[in-house]
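Two complexes follow with chain A in common, the first pairing it with chain B and the second with chain C.
So, the complex of A and B:
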């Protein structure tokens, strides 16, 4: 520890010396913060760790994922791990996608002033404004396509001057697109039939009734499947 | 002729799709096809009149940047409201360099807008670039004996700086329909307001306004009222569905977009037309097939 190189950052206004070359998330833990919320996958996929920072002498705020961004000298940061943004209630099968249901469920999208602040806040580099604009004109396929990489971190919704809940709009768009425009993948249908037929019930029961020690042993011995070349899994989803 | 950079606006992709479909056909037939901007956003809907409300002009400015990116100096619109908003913002930032500078500074880390984009309504393109004569020559299904009332509303003709024609006695839309064989009637409410967004909060206000417009057109002898704005079209349609007061006269009148009748005259396939236009062709137009 003694020869570790340190750098100073500010977490919620308080100065900490943290190791150089670690992520914001690791730096916060090093500084003594313990995550009850605001951390999940630690791999940039779950969107739980939205964070804002400003560098010394810089007027712009930057928007990142704490588990992905490295600390930098003089960074002032805080986490914004949660966005109060209730989701509209709907039953997908009951919606008529020919009407602009996105606008009906999220009428505030009509307030968009095209400031593009949402796009600049997105750590996934999604064209967020463009998918909101596509939603406004009922272009569900475009919403689905543009918002595909959204991880629902909520940072866009925290920044929007029109109080739009972008990621819910994107999610609804993808769902509508999936139901209305895309073929149901065969492997999915097959898997659902397997589940319904109880094919995995036995294994589940065994796991559920296992002791903690057994579970730990199983976890330690687990075999991680090699990643297969995506020949079956993704191809069939296409129209 | 080269392709025209085209800005649709949200309504034309949604409830006013037939307005646009017909325009695509017309311009294609005239050899000046519309090429939709690859990326565009809402025009801003209503031009903000506040002196210091620059935020609400950004939407239009972004579309000007997209137009430049598409290699065009001109942007053609179809919706009267989009035309009005885009044209007024274009004029405003052209005249106020300080405001444009502020908008560019706000957009930050993005392409600046340097000015220079000209907004044109499709009726201006038809009148000034293509010409009535050329339009006439393309007609395959003349709208003989069809009496039309061209209804302009507000946003095409006001304010004067951006109006596409005389603000009190506009003729451009009537001329376009006359060029394809229809007979325009004159009526006093051609440039009155339809009631606009009052239809949402105070529907009776918009319905009364729209009702007056339809009645006046009918009394002037019109079979059909033609519009250039999805909101005017909507309000007039609502007035047809839910007439107020003494309105027997209006029951027999139809309301369609001007592009729909132009497309019909230029030979659009009946299958692509809205039921209203098909009905107009079969009941009022006596040219083709001697129906």
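So, the complex of A and C:
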């Protein structure tokens, strides 16, 4: 950052000159903040740095991650590093997916007024309201699909006029979809039976006692499996 | 240093980079038709590493002057923390009335910690007799940021033996064999456990969609889009909450406690908000504190989370635990080189296993895209600084193109956006569409290959102290393959949790002591280590100097 160009932002109302072209998180550190809360993975995956800002001259609030959003001239910002949201405990194996368990555990989803404020608040651009509507219908597959990119920053729950805790609903829905709708592939079950039966023990012992020269020779002889796409594929990415 | 001047941005890139992007576009059809370059021979790999990998620069490391692994070679940045004085004062802290007294204390709040905590419960420890303590929030960790996938040899054409060979060869045969064996044999079991917990892995026609990673000979990479780490971590956290394991956030351990017999007996915590010291007595302790990425070894940017400052290593070492392979650092081949705002953040290897290849400023490929990580990194560094075929950014660093539009060319339109949603979003936030334009990348500090030495059951050299995940060493030797860190923290988190539970049932610490800290201080003094450095670091400090120079502790 040589020949730095500076711009003015307001952190909780106080003006600071910070470099152009850096994230809100880096700008706050430049200004002199040392984070305890409000910084986690610093790469957009953990949801620790949910931030609310308003641009100069605008009335609308924007919702972003401090580690991913660039500063802009005149930005007024504050972090919301914690969401005091209640969460419902459950035992996954005891849930009956034929019941609408999401509604039972989170009855407040029935209060959704379809205002879409949650969706507008999502820094991951998730259709949050749509998955809450899917949760109301008991469609856990849809909940899982739509909520998949959630990083649980909590901004949706902070904005919701019906006090829905969207990200907890999404989490429960995804796990329920995994156990209720998706069968464990047979080759995995078969492999575990082989492991239990000691099918690989001999081969593993041989490798464990092989000389370095033998290991190097075996490594060099490996045949790299060729990538083959299935001709007709019904792909379900992570759902 | 500043790079080329430019007038403006075109679709996110400085206009001067467009000429090079056009070369990448011009060669794309030919490169797709011809296929990738072949993997290197063992000799070519060795030569490349020696000449260009940062680990092979001898002046960037030194031999430790104190402690159980005295003489071990490691980067200066790590040695500086090992050769540093404690923040706890053993003479002033009252250990006679512990604030918490539990069977199992888990240090850390990431993947390994969560897996260990759950398995301690499965092994018969009551959840309220466990305490998990963590520096940031539960789940603010490297585990949550892993993108590409987790290896497990569960397909018919694969086997633990094939996985074992891939790991050992990738690690240059420096790995501890019994740890590698545990890793590969437990792999399928961990995937089955995840199934039961409701982790959602990518599927095609109902079966897992499994892919290659750098250095694999079979397709065994299980993924959840490019949110694999997030998907596993959030399920583990959810389950820890369901089970009811107490967790204290923003309260990192700053030194371990031993008992009169030298057995692990808990830890001193530091409440980051109230700045109190907190004493925890425990029958067994699990070290799951992660790695050292935030030490920015050799000045590299890092993919790591904010708290990756090697605290656990420092504490365990002071208490007498030996370390292994600390000379070895993993630089991920593809960190973000542009834009500067996200410099060093991870561009997952999954981009390459889905078909994107590294290409130089002339639009030519120069390396097999899925070499083991150290080899791939060295090849990219050589292309930039040896062959002078890198692309210089406005902030003066160099990178090569990762030709991401190849992914949709190979697998069909829409593939990148669905299989690599996080990557698409990351660049999209900066105005770059990686389905249209390539991404600019350069190696970034990613992983601590070595760590505290453990055996196959997760035991360290200190009785009652167990370790798993990135803090532990030996599993990967001098180089880790993609997809083996998520597997590592599951396998060894589990083993450490089970071992800790068993130990806690059979052992009782007698008296709490920080005598080991005093002994270590004596050793530092005799070695002539200056008293200006303290450790653990806890958090890096990114405030600018102009501010920190003017700071005053006027509130005290």
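Criterion: the second predicted complex is superposed on the first by the 180 of 239 C-alpha atoms of A that agree within 3 Å, B and C clash if a C-alpha of one lies under 4 Å from a C-alpha of the other, contacts with A are read in each partner's own complex, and residues count from 1 in each chain.
Everything below uses one rule, namely that a residue touches a chain if its C-beta (ideal position, glycine included) is under 8 Å from a C-beta of that chain, and two chains touch if they have at least 3 such contacts.
Just so you know, these numbers come straight off a predicted model, no measurement behind them.
In the superposed three-chain model, the partner touching more residues of chain A is C, compared with the other of chain B and chain C. With both structures placed on the common chain, the touch criterion links A:222 to chain C but leaves chain B unconnected. Of the two partner chains placed by superposition, A:94 touches none, neither chain B nor chain C.
After overlaying the two complexes on the shared chain, residue contacts for A:133 are found with chain B alone; chain C is out of touch. Contact with neither chain B nor chain C is seen for A:163 once the two complexes are overlaid on the shared chain.
In the superposition on chain A, A:112 makes contact with chain B only, not with chain C. Of the two partner chains, chain C is the only one that A:177 touches; chain B does not reach it.
Of all residues in chain A, those touching chain B in their complex are 60, 100, 110, 112-116, 120, 129-130, 133, 136-139, 161. Those residues of chain B whose C-beta lies close enough to touch chain A in the complex are 10, 13-14, 39-42, 44-45, 55-56, 58-59, 62, 106-110. Residues of chain C that touch chain A in their complex: 1-2, 39, 42, 136-137, 139-142, 144-145, 153-157, 159-162, 164-166, 168-169, 173, 177-178, 181, 185, 188-189, 191-192, 195-209, 211-212, 217-219, 223-225, 227, 229-231, 234-235, 238-239, 241-242, 244, 250, 272-273, 303, 305-306, 339-342, 345-346, 395-396, 411, 418-419, 421-422, 425-426, 429-430, 539, 541-544, 547-548. In the complex of the two chains, the chain A residues touching chain C come out as 1-3, 21-23, 26, 29-37, 39-46, 48, 68-70, 87, 89-93, 124-125, 144, 148-149, 151-152, 171-172, 174-179, 182-185, 187-192, 195, 200, 203-204, 207-208, 212, 215-216, 218-220, 222-225, 227, 229-230, 232-239.
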